[in-house]
Structures are given as structure tokens and as C-alpha cells.
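Pasting a structure here, questions to come.
Per-chain numbering from 1; labels A, B, C, D and E assigned in written order.
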Amino acid sequence: MGFPVLTAILLSPIIGALISVFIPKEESKIIKAVAGITTFISLVLTIILYIVYYTQYVKTGIGGFAFTEDIPWVADLGVIYSLGVDGFSLPMLLLTNIIGFTSVFSRSWSVEKRAKEFYILLLILITGVMGTFIARDLFIFFLFYEVVVIPIYIMVIIWGSGSKTKDVTKEYAGMKLTIYLLIGSAFLLAAMIWMYKEAAGILGTPTFDIAKLATIDFSTQFQIVVFGMMAFGFTCLLSMFPFHSWSPDGYAGAPTAVSMIHAGVLKKIGGYGLIRIGLFILPVGAKFWAPLIAIFAVANVVYAALICLAQKDMKYVVGYSSVSHMGFVLIGVASMNIIGLNGAVANMFAHGVMSALFFSMVGYIYAATKSRYIPDLGGLAHQMPVAAVGFVVAAMASAGLPGLVSFVPEFTTFVGAFKEPSLQIPAIIALTGVVLGAVYVLRMVANVLFGPRKEEWDHVEDIKGSYWIPVVVLIVFIVAFGVFPSLLMDMVDSGVQPIAAKLVQATTAAAQMGGSI
Amino acid sequence: MNFMFWLIAIITLGSALMMVMNKNIFHSALFMVVTFLGVAAVYLMLYADFMAAVQVLVYAGAITIFIVFGIMLTQRGNMKETNLFSNHAALAGIVSLALVVINAVMVVSTNWPKTGAEPPQETVGSIAELMLTKYVVPFEVAAILLLVALIGAVIIAKEVKKTS
Amino acid sequence: MDLSLLTIEIATVLLAIGVLVIGLLIPREQRFGLGYLVTIGLAIILFVSFGYYGINATAFEGMYYVDDFSIFFKQLILVAAVLVTLAATLYVKKMGTNYGEFFVMTVFAALGMMVLSSAGEFITLYLGLETMTISFYILTGFKKNDSKSAEAGIKYLILGAMSSGILLYGLSLVYGMTGTTVISEVAVKLAEMGSLSPAMVVGMVFLVAGFGFKISAVPFQMWSPDVYEGAPTPVTAFLAVGSKAAAFAALIRVFMIAFPDYSLQWKMLFAALAALTIIIGNLVAIPQTNIKRMLAYSSIAQAGYIMTGVIAANAAGVRGVAFYGMLYVFATIGAFTVVMNFSANTGSDEIRDYAGLARRSPLLAAVLTVCLLSMAGIPPLAGFAGKFYLFSSIVDQGYLWLVIIGLLMSMASVYYYLSVAKVMYMADPVDDSPIVVPAGAKAVLLITMIVTVFLGVYPQPLSVLANLAANSLFF
Amino acid sequence: MIDFALHNAWLIPLLPAIAFLLIFLVFRPLPKVSAFIGITAIFLSFVLAVHVGIGVIQAGDQFVEHPLKQVVTWFEMSGLKIEMGVQIDPTSAMMLFMVSLVALMVNIYSLGYMHGDQAFSRFYAFLALFAMSMLGLVIAPNLLQMFVFWELVGLCSYLLIGFWWHKYSAREAAKKAFITTRTGDFGLLLGILLLQINFGTLDLMTLGEMIPNFQEYTNLSVGGLTAIAAILFLGPIGKSGQFPLHVWLPDAMEGPTPVSALIHAATMVVAGVYLVGRSLILFQTVPGAMAFVAFMGGFTALFAATIAITQTEMKKILAYSTVSQLGYMMLALGAGSLTGGMFHLFTHAFFKSLMFLGAGSVLHAMNNDADIWKYGGLKKKMPITYWTFLIGCLAIAGIFPFAGFFSKDEILLVVKEASHGAQFAGLYTLLFWMATITAALTAFYMFRMFFICFHGEPRDKSFHPHEAPFSMAFPLVVLSIFSIFGGFIGAPWVEHGFGYYVRLGEYHHPSVDWAIIIVSTILALGSIFLAYWIYGKKAVSHEALAQKFAPLYKISFNKYYIDEIYLWLIHNVLDGLGRALWWFDITVVDGIINGIGNAAKILGSILRRVQTGKLQHYALVLFAGVVILVLIMSFADTSSASLSLLGGVR
Amino acid sequence: MIGLEHFLILSGTLFCIGLFGALAKRNAIAILMGLELMLNAVNINLVAFARYVTTGILTGHVFAIFVIAVAAAEVAVGLALIVAIYRDRISVNVDDFDWLKW
């Protein structure tokens, strides 16, 4: 397969981090530039990949994994350094790179001190997230998955911040986030290990290859237990109610770049894993748990949206709103049909870019004003019109405005959900989230940006210089994928098809066996 | 034979108990010597003449002297009330008693693979042969171990000059 | 009789005695090179030992194994000894007297461990164990100007003697039931006997207690926090890895080779103890304020993880133990190297004094973080791969519950590990003076960090060796 | 050219879109250029729209049954295909013409009105964006495209209401508008989803064929379809300001007046009507839904009219009037007449935007002071405004031959016809009378405002009103021409008039119902006279009247307190729920997590105390452990359940 | 007839008396003495087994001799440690050795 382009994408930020190690820490501008350049290289490569895949695999209907790389890694475990992208992982990879690149240029006032450490950790973080999405080997997937947790912790405790509205410190927020995710991953790992052994018993050779694992028909009992454990791990990461409480605190505590990456892509690993691993390998177990997931999903949407109404801290609004939006993803997952899954995946992408922009703008305002407390702010559009534009675009995308990236995914999700008779009522309830979403988002926009000029913010500077990058890049993607959703949906569809096909095949097989699940 | 066993057993265990119960550490040490000698007698009953000799030499001799030296170094003057029980003696008693019972039940209920053959009258030769052939590794290791203990005891017991 | 099989041990003895003699001959001021001499000697032996893979022979009628399993553990011990002696120079110098003897004792302890891991027979096993332990008694009490050191020594000695008493009693019962002290023959005899006799029940429990003491499994763990805290830090490091690993080697050999017929019983026993060990070790580590004590509790928990590999009672489990044991060496010694150099500079082991270490010495902070996280099993550090080996060996034997406990508690352990990281990275240093780290210790720090990361990302090299070791045990 | 226009109708929304991008991204610092671009774009759109209209008329009723449709796939996946495109038929052609015309007029008008505003360019950008969205909505061949642009016009409405965002009231009004319409859109989206699920398509033509025979295609019951229609109707309720979601529309007047004229009078707010008209087949299939629509429309018409009577701001009165007229249109649709609804929509657009622009002219002259009681005697100062406004008032009052006359009579006619129908006859009879009363009220409140503002003496001398500049006067004139003559296209004597083109089902030549004509004309004239009597001649003191009917006056003046009720609900129920859940989140959800964490910590500190430092305690534990283990091992049979728990659970 | 079991019970009891001493006494030297009793008990076991179970093969004796050697070494180191700590704390009461705890 010639040039190992995925490895190149993966290595670029790592090389950036290594270079940064040898740059004196006073040269924070150079370090930032290195981070920007290396992530930009990854981004460009990914965009090229996206286009190539779109034209050569999606449009031609070939689909499947492309640009694969397989290097035996740990022989006795059957681990293979196995990378590849398909229509499912490519949007996620693109998302990671978009947000990775833009997060480098996000602003948080605390980063100016100890910039070197910050960018090194950020680059490691970005690499970890990317690796998760392109790994085709479960072991490699998990390796990357957990790589990201610790850098986040360190970034939160060093460069994070507490909140005015809730009695939390950054130490607490960081620790909660970390431990929560790790506890979730403990179950995930246990499930993975068990599945690996079971599969090794059936196949005769140990393997972590997701595609190979998916060919096995595990027993119903096994699937139910293992999927349950896995789902716990993944939905913790996805911040499913009632396992969400790390997320608003975590985002509020984290510096801007981390909030962007965490809400934008890291969370999506939960959804990605749930679909790619849970649904694909354990369809029968997934079917068993789907109703519960659906119920929690509805709770996510409505509960978190209502809580947003009571928030006075910008980051908490966005934090809870991202919990709320994950409900849409979960409903799509719970629908278990191709349309719903398409919607779920597309929703992950959409929420990614949108929340990244949102956090970027909130972070910018916070950095500029040193306040996130909504009643303190107001009329900021006077002083920072550009940030206001970005903020409004993010808000509108969050509210699901058509023409922006999140509308079509949400619509698709709901079509998928309504296709399942049992999900119709939950879906209707969840749809109210669309209204509530508009309420809290617009309230925040109104109270932060609009209204009479406040003199105290006259010293605040508008976005300029490299801080333009997140605004421009993210808005371009938000609008482009909103106006031309087929760029995303075709891709996603080609990626989700095999998974949906597996689901249909497995559940009909189970139904034919007479086993009611 | 029976009588001899019971006598030795009573002496051994009795002096052991006295050793434990005594409140004078010096008296305890003396009872310990008696116990060691009792054990040596038990060895003799088991046709372990060489063992008995070693027991008398090493334990009743060397180790006892060690211990007495220790006592002398750490106790000044009056030896009364030098060997008291601590607060948790009752608990210790319970645990020990439980182990006695466990041991007794275990011994009785186990079907030991006894051969019933007569023991050899002379053991020194075989022991020497075993030590220098089959058990040469442990033998050498034991030598090193004693060297270690020697050096170690010297290092640790040596008085340090108080610097600063 | 082929004495060449014992080359490693003989070389070690010669090294120790040689250094002892040289130490006596040269003047006091010139003795500081002895540490490096020992390190180099051990490194050479370590290098030579690679040639012993694949021999798989026994010496002295099955009494002494020279198989891949024992070689692996000997290498583990040698690696630990090399790293400790290299890292300890500054600390030992600050400790004052008997510079050369410290290293000699360390080598003797390593010798005891080697014998222990090679022992194919109870007497050898016992003597190896005692050589190791007595060396450690001395090393623990080595810090003459610190009363805590002597206290730790006396505690270790009394409790250690009790535990070896009970181990001996157990051994004697096994000997009584089987009429032999050779491990492989014990298995044969027990197979003839069939069902489990009461004496074997008691014997096995006594053996579990004896070995459990050495590996610090709950409820036999209580000595270790006190001793770890009181002992000179290099000793603690060596004690935590070497003595534990050697005891595991012996335990695996005894239980897996001698008692395979009773595996149902002892597996259950170990499973319960492992669960307890993991839980208690981690929980009590949380409120600790002294880093050595915290590491002691964490090392109790680590023993619990390693026990899961014993429970598996197959090659996969042994592989897990071997793998984990080796990477545990790097993580632990890395962490303790930081601790010993920190305390050599500042005289403190309190976690709160680590405030701002990331700025005083980024290397120390980074190594400590990496090592601690490796112990917690966070990818891509080696601990993750190790835990994977361990847990995957028992998950399909019906011990899913233990796997979940293990993983949950190891994730919970991140809490107290990260608390240290938090202090180092977040807080501002009270005292800005840089920390002096000698070149040797620096090398150890780098080695441990690089190896920990490397083995996490690419565990293949170590897993090959661990596989060899595991398979040789069951040939 | 006509052919080009017909087949390239997608250019009509695209041109303003390009204008928007150009202005927003490039020419923002250059206000004049921005305005030029905006006006040019909408002018070109208008030209195209005119040609499309001519083309449609030339084709006769060919497009009624077989619209010209061009679509591209927007996105597609297994089992779901959504298209975007253009559907040209008489209804959409009419809308294209109307929207582009009014937009053009408003664009021109704004040259004068917004002159000197800081954000002049931004205003034109948003206007262009709005034009794009509205035109896109109009030509939508399927419901989803309609929804997409529906939301976009909502966005534009939000942005333009809040155009002067530094004003507290503007920002609140914008928010309110968006959220209120969003509430309706919840229903619309739900309805669309249900249609998609049940029929597998959202294409209007396909749906039009399937829905009448819905039982063949779906397993929906009549009740089910009625429910879908009713849910769908929530969207129009929100967007077109029907009761009870009308509250945003009066507040929307916080936006610049041209915006009110364009968006909140002529175009966007009628999107709901248009949507119902587009999907009228759905409502027609289930009479219950029809009755619902009719009732909501009729009720809103009367309801808003009663509020409009007492308001004191020109734009507020016009806003309530708009609500009322929208209700009228809904009523017509609910009575089953696409023609009636669309016709009134068409004429209303001209005279209502005319009046808004006129009001803007007045406000412009009065330094944006909104209180009509400060006006008076403007007739002399601003004659063009005066006369054009009069034309508007006459048109809305339904005086022959102004446009409103024809469309209003058409509505009354169809409602009357419906009241003779088979189902819900009683309801339609009631609605007929409500509509008639509304017509009278409309004439009354319009002329009340008219007389107060333009007649009499200036009440506040501090103002120095002046006639509007040409750029503002020109649109007034153009629109008043349409307000005068616009109705003729639907006049009963026109053979192939409005109803021939814009219809659902067979074409019936409109009959002339003299009774309705006479009654409505008399009522209108009577109301105008009454208004003149009270406010022009001041024969009766309006204050005395207000005193006399104090409770009624108060209720009307306070808009039935609906805003207050909503506010209370939002602040107490919704926000209260939010606060309660947050409390729950912090104390319970978080509490459990923190509790587990703390429990571990506490357990750790307790277990820590076991380590007493006394070595004999350690030894005791060690040996006690041994004893216990021996006991367990000897008494437990490994085959028994208690121990297999430790080693046997899979 | 005196048999193996008698010796075993004797040794077990001796072991436990030693253990009791080690567990219950305050004086560190007394504890060491208790430990010696325990090791002696083990030796009785070993010799008894050598007499009854492996008659003629003296593994047990060899084992016991090694145990004695180790015991001597242990006592030496133990006493050294006790002396060392006594210098510092002027006490051989093990209850005083509790600086390291929790």
C-alpha cells in the first residue's frame, strides 16, 4: 500500500511534541508554531484522504477499509498494529484533526505560563484520539483510548480553572473526570479481555482484529453480559445519564483546548466504540440493551437541557448541552437501524465541530474577560464582534439550525428512531430537546453578547491574529457540511452499512432460532 | 520407652511454658536451656544422635550464650519484671491455643505414610555424605549466610560516632 | 556434576566477596567507586546470563533448576540489583558509614533470591530464602543515624522469623507426607496419594502464609509498610521488587509443580487473598502522606495483581507473572530512585514536600509520574500490557469477578498516584533550589522511564522471554 | 427569457445568497456597495420571478397538475433520500413574484430608512440572506426543504429583530421570536418525521397522490393522520403567529421597520399559511384537521383584532392586525379553499407591507417615537405617506375596489360555503360570523390609528415631521398601486383569474355572493365611520369609552395577559424544573459519585488504623489469618456452593 | 506405643508455646527466645519424619541442621538489631517500637 499515510498522520503531532521537547521553554511562540504546523500537516493529509476515499470508495460503492497498514505487534497475543479507515472512522479522523489543529490556536489565559508542557501534552492528546479512530485492532484501540486520559488530567490541574457557580475546584474536576473515565474503562477492559479469550477459544488463534471478532457468533448470554460491560464503559465516556456528571465539571475545569478536544472528539470515542465494537461484534447483546440505552438517551436530552436552563456559568451551559446532545447520538444507536446509526455517527461529527467552536469562543471570552459568569457579562458584541459571530454560529449549530452541520444528522437520527415503533415515544420526548436547546443557547447568546455596552469590558480585545484560525476553520466546516450534507452522509453511510447489515443478520438469525431477546 | 517419652515431653513443654510465663528474663533464659536439652533428648529418642549433639552444642551452648549476652547488654541491674506480657496476651493465647488444637486434630486425622522400618543406628556418616553431595548447594549457601550474618551483626551492633 | 550450571551464582558470590575484600583493603575515602564496581559486575553477570536460556537442566538430582524460568527471574533480580546499586550511590554516601558493605549485602541478597528462584528442593529453597531475608534484615537496619531504620529492621526480623517458622513447619509437613523435599518428587508422591489429607491442608495454608509474607499478601502484609518506610530507600526498592519476585518464583514452583493436584483448593485460596490484597492495598494507600508508605501499600496491591497469574495455574498465568514482575521492577525502582534522590537532597519523604517538583526537576517528576501510572496500568505504559497478560490468563477460568475487582481497583489507584502528580505539577515549589541527581541515578531514571514506555508500546521482546520462562516450567 | 427563467428558477434564491456572501465577507466596510449589491441581486431575482410568473400564466393550468420540478439529491442513504430543488407551479410562482417584489421594495426603502446606520451593510446582508431563505422556502418541492428554509427565515427574523441588539428590548424580542417559533417547529418537525416514516417520502407531489389514499400505503387510522396533521400544524401556528404562539410577533416590531414590513407582515409570517396551503391535501383528507385549522384561524383573527383595538403603537397595531389577517388566511384554508387563503396572502402582502413602510416613514419622521398619541396632523406634513397609508387602510378594511375587498370576500364566501358542508357545519357557521365581526373590527382599529395619526392637530410640538425621501416614497407608491389593483386578478368577473391558477382540485369559477358583499361593505364603512366619529371628529371621548368598559379595555390593552402567563410559566415551571434538576444533579447524581469516592477514602483511613505500628499486632493478624484460612480450608468442601462462589462464577 | 503422632503433637505444642511467647511478650529478647522454640519444634518434626517416614534417608536431619544454622544467624542479627535500637531508645520493649505506623 505504499506510503503509510495513516502512520504519517499519527506521527506528525508526535514528532511535533518531540521537537518541542528540545525547544527552550521561553520560546513559546515557536512551540505553538510547531504544534500548529504538525497538526496542520495531519489535517491536510486527512482532508486528502477524505477526498480520495470519498471519490474512490464511497462514490464507487466499494466501501470498506482503505489505506490499511498491518504490522504484527505482539505475536503471542495476536496484536497487530493494524490501521485503516472506512466511512465511519474517516469522518471521526477528520473531526479529530480539525479540532486538533484549531485547538492549538484556542485561547486560555492560563496557557501563557508553561506553554511548552501544554503543547506537548496537547499533541500527545491529539495523537491518542486519532489513533483510537483508525485502529482496526482492539488492543491498539484501547491503547490509544487510554493514552488520552492522563494528559487531560495534568492539563486540567495545571491550566484549568474552578467555577463561580458550583463549588468545584480544578483539582476536583480533573480527578473526577479521570477516575470516572478510568472506572468506565475498567469494565470495558474486562469485557474486552473476556471477549478476546472467548474468541481465541473459538477461533483457535488469539486475535484482536475487530473484523475477525465480528465474524464470530458469540452465545446470547455472553453477548448480553459483555455488551453490558462495554456499554457501561463507552457510555461513561459518552456521558450518558446518569454517568454524565464528570463531563460538565470537567469541561468547566479544563483549559479551552482541552474542552474543545474533549467535548469535540474524545467523547465521541464512546459512541464510536459503542457502534464499532459493541454493535458490530455483539449485535444480539446490543439488541438486549437497546431499550435501556434509549431511555437513558431521552433522559440525557431532556434532563441535561433543563439543567442548562439553570446555569449561569457559560462553560456549564455548553457542558450540559453537550451531555444533552449526546442523547441524540444514543437514540440513534438505540434505534439499531442504518438510518439511526447514520444519524448517530453524523451527529457525533456535527456535535464535534459545533461544540469545539462553542468552547473555543467561550474560552476566548473567558480568556479575555477572565469571567465566565453570565450575569457579569453582557453586550460583548460591542467589544468583540468577531467572537460574537463565532459564538452565534456555534449557538445556532447547537440549536440544530438547518444549513449548519447538525441539522441533517439530527433529522436522520430521528428518522431512524421513529422507524422503530418502540422508540417513537422516547423520540418524541427527546425532540423537545430541540426547543429547549434553542432556549438555553439563545439565552446565553443574548445575555453574553447582546444588550447595552458595559464599560468594564472596553479593555477587552477582539479576536485577532492566530486566534482567527479556530473561528474560520470551524465555521467553514460547520457551514460546508451543513449545506452539503452528502459530503458527510455518503461517507458515513458507507461506513455504517456493514455494521447495520451485521445487526440485521444477527437479529434475524436470533429470531429464527426462536430465542426471544 | 513410653515413660521416657512422657517424661521428656513434660520436661520440655513444662520448661518451655515456664520460659514463657516467667517474669524474669534471666530465668526465662535458663528455662530455655532446659527446653533445648529436652529437645536434644527427643532427638535421641528418634535415633538422631548427631542431631542431639548439635542441639546441645549450638542451642544449649552457643545460642544461649548469645541470648544471655543480649540480656546483659540491654538490662541494667534488677532483673525482676523484665519479661512481662503485653496487653494482647489473651489474644495471643487464643491464637496459639487454636493452632495447638488444629495441629493436634491434623496429626490425629492424617494417615501418615509410615514405613515401619527400623532406623539406622548411626547417622553422622550419612548426614555428612548428603551434605557434601546432594546438599552441597545449600551447604555452601549456609556458609555464605553465616558470613552475611557475621558481617551484618558487626555492622549493626557497631557503635556509631555521633556526627553533628 | 556440571558446576558450569552454577556460573551465575558463583560469579555473584565472587563479586560480593571480592568487593568485600577490596573494600577492606582500600582507604575509606576511595571506597565510593565500589558501588559502580558492583553495578558493572552485576551488569556483566546479567549479560552473561542471556547465554543460559534454553539449557533447561537440573543440577544435583533435580534439586537445582537451571531452566528458562529461573534464568528469567535471575535476570529480573540482576536488573533490579543493577538499577538499585546504580541509583543508590548518592543516598548511600549520605547514609554515612559502611559504604562498601552496603553493596556487598545487596549482592548477597540478590544471591539469596537467585537461589530461591532456582531451588528445586525445600532445603535449598529455605536457605536461599533465608540468605535473602537475613541480608535484608541487615540492610533494613543499615541506616545507623536513623532510629526508624533499626525499628524497621527489628520488626522485619521478628515477623520474618515467625513467617519462616511457619513456612518451615509447612515444609516439614509436606516432607512428612511425601517423604521427600524435592519438588518434582513431591508432585509424584501426592499424585499417588490422591485425595487431600488434613496435613496437606495445614501444610498448604502454612506455605501460603510463609510465601504470602514475602510477597506481602493480605493478611500477611502488615510488616511491609513499616519496613518499607523505615528501611533505607534503595533497600526498600530492592525489597519491593527483588524479594517479592523471588518469592513469587518459588511460590509458583512449589504450588504449580508440587501441588497441581490440589490446584482447585489453592486457587480458591489465592483468589480470595488476591482480591483482599488488591482491595486493601489500594484503599489504604489513598490516605497516605509519606511517599514510601504509599508505595508500600501500592506494592501490596501490585502483589495482588500478580497473584492472579498464580491463580491461572498455567503457562499463560506464569507468563503474566514473569512479564509483570519484570516491568514492575522498572516501575518500582524508577519511583524509588526518584524518592531516594529527592530525600538525599531534601531529607524528606513526605508527599507534600514534592510540591513543584516538576519545576525543580522535570526529569524526576516525569519519571515518578510515568512509573506510578505504569503501576496503575495506564496505557501505553508497560503496566497495562502486564495487567493484560495477568487478567487474560484467568478471565476464562471463571474469575471474571476478580478481573473486574482488579481493574476497578487499579483504576481507583490512579487517584492516589495522580494525587502525587498533582502535587508535583500543580503546586508551586516552596524551595526553588534544583535537585542534584548524580549521573548514575540519572541513567537509572532514564532507563526505567524509557523501558516502561517502550514495553507498553511494544511488549514483544519481553513477552518472548516471559513465554520462554513460562513454557520451561511446564515442559 | 421566460423559458430560461422557468428552467433556472433556482437562480432566484441563489442570487440573494451570493449577495449575502459578498456583502458579509467582502463589502461590509462599504455600505453603498453593499446596498447596491443587495438591491441588484434582489432586482434580478424579481425580474426572473416576473418571467417565471409570465411563463406560468402562459402555460395555462398545465402547471397546476404537473408542476415543473427540478431536484438534486441533498443527501441519501439506505432508506432515506432527501432532495433539494425547485417546484414551479402557480402557487409558488405567485409567491416568488410577491416575495421578490416586496423584498425589492423594502430593499429600496431601506436605502433611506437605514441611512446612516452603523451596521448598514450588515442590514443588507441579512436582507439578502432572508430573501434567499424565503425564496428557497417558496420553491421547495418537499417538506424538508421547506423546513430547512423555514428555519433559515426564522434565523433571519431573529437576526433582524435583534438587529439593534444593543437595545435590551430588541435582544429579548429576538430571542422570544426564535424560541416561540421553535416551539411550533417542534411540531412541524415531528409532523414531517411522522410523514416520512409513514409515507417514506416528503415530496409534496408524491404525498399529494398518496395521502388521499393513505390507507393503501400505510396502516394509519384517520385519527392517526388527523393527529399528524394537527401536529404539523403547530409549525404554522408558531411561524404565522396563530394563537397561542402569536406572542412573539408584536414584540418582533423591535426590529427596524423595513424588516417588519418584509418579514413580519408580508413574507415570513405567511410561510405558515403557505405551508398549510402546500400540504392542504393532508388536511383535506381528514376533516377534523381542517376544522382545527379553520377554528384556530378564525379564533386568532378575532382574538388579535380585539387586542389591536386598544394598542397605542403603530407597529403594534399593525402587528396584531397581521396576526388577525393571518388567522383569516388560515380560516380560508381551513374552509378548504387554497384559492381564498393564497389570494388573501397575496393581497395582504402588498397592503400590509405598504402600511408598515408607511408607519416606518412616520416613525422616521417622529424620531422613532412609537406612541401614536403623540402624533396627529401628519396629513399635511407628509402627504405621500398619508395617501398611501389611506390606500392601505382602505384595502385592509375591504372597501371596493381595493385589493382587500376581493380577497376578504373570497374568504367569507368559502367559509360560508363550508358552513353548508357535510361536516362541522355548525363550527363553520360560527366561524363565518366571527370572520365577519373581525372584518368590522379590522376596519375600525385601522381607521382609529389612521385618524389619530394623520388627522387632527399635532399633539406633541417637539417633533418636526417631514416627508420621506424618494427612496422611501417610491416603494410606498409602488405598493399602493398593487394594493389598489392587486385584487382585480381574483375578481369574480375575471374568467381565468387567480383561482384558476392557484387551486386544489377542480376549478370553479367564483360566484358572486351579493349578500356577503353588501354586508361586509356596510360593516366596514360603518366601522370606518365609527372610528372617524370617535377619533376623527372626537364626538365621543375615547378615554370615557375606555373608562366605561374598563375591564374589557384592560384585558385587551394587556393582550389578555398571555405574555405574563408565559413568563410566569417559563420562570417558574421551566426554569424551576431546571433548577430542581440541577439540584438533583449536584446532590444526588454527583452525590452518589462523590459518596462512593469518599467512602473509599474513609474506608482507607479506617483500615489504615489497623496498622498500629506494634509488631505483635501484625504477628497476631498473621497467625489469626493462618488459623482462619486453615478452618476455611478444612471445613469448606470445595464442591459446595459457598466456595465455588469464589472460583466458579462465569 | 509411642509413635510419630506423639512427636508431632509434642512439636506442635512446643511450636505454639514458642509462638505464644513471641506474640505475648514485651521484651524483644523474649520474643527471640520464643522464635527459637518454634524453630526447635520444626526440627523435632523433621527428625521425627526422618525417623518414621523416610527411615534410613536422613534428609530431615540435614534439613534440621540447616535450620539450626539459620537460627543461629538469625539470633545473631536479631540481637545486633536489638542492641542497636536499645542504644537509641533505651528500651527493648517492642511496644515502644511503634514510630512506624499507619
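The definition used in the following text is that a residue touches a chain if its C-beta (ideal position, glycine included) is under 8 Å from a C-beta of that chain, and two chains touch if they have at least 3 such contacts.
Remember, predicted model here, so these are calculated numbers, not experimental data.
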item	value
Neighbouring chains common to chain C and chain E, by label	B, D
Chain E and chain B - chains in contact with each	C, D
Highest C-beta pair count, chain pair	B-E
Centrality ranking, top chain (CA atoms only)	A
Most remote chain, CA-based centroid, reference being chain B	D
Most distant chain from chain E, judged by the mean position of its C-alpha atoms	D
CA centroid of chain C to CA centroid of chain D, Å	75
Centre-of-Cα separation between chain C and chain A, whole angstrom	41
Between chain A and chain D, centroid-to-centroid distance (C-alpha), Å	35
Separation of chain B from chain D, taking each centre as the mean of its C-alpha atoms, in whole Å	100
Where chain B touches two or more other chains at once, by residue number	86, 88, 91-92, 95-96, 99, 102-103, 107, 112-113, 135, 138, 142, 145, 148-149, 152-153, 156
Chain C: positions in contact with at least two other chains	123, 126-127, 130, 134, 137-138, 141, 144, 150, 153-155, 158, 162, 176, 179, 198, 201-202, 225-226, 400, 412, 415
Residues of chain E engaged with two or more neighbouring chains	8, 15, 18-19, 22-24, 31-32, 48, 53-54, 59, 62, 66, 70, 73-74, 77, 80-82, 84, 94-95, 97, 99-102
Contacting chain pairs - touch in the sense defined above	A-C, A-D, B-C, B-D, B-E, C-D, C-E, D-E
Residues of chain C defined as touching chain B within the complex	6, 13, 20, 59-61, 63-64, 96-98, 101, 104-105, 108, 111-112, 115, 123-124, 126-128, 130-131, 134-135, 137-138, 141-142, 144-145, 150, 153, 176-179, 193, 197-199, 201-202
Interfacial residue positions of chain D with respect to chain B in the complex	616-617, 620, 623-624, 626-627, 630-631
Interface residues, chain E side, partner chain D - complex	19, 22-24, 31, 94-95, 97-102
Chain B residues within the chain C interface of the complex	102-103, 105-107, 109-113, 133-138, 141-142, 144-145, 148-149, 151-153, 155-156, 160, 163
Chain E-touching residues of chain C, taken from the complex the two chains share	122-123, 126-127, 130, 134, 137-138, 141, 144, 147-148, 150-155, 157-158, 161-162, 164-165, 168-169, 172-173, 175-176, 179-181, 225-227, 229-230, 293
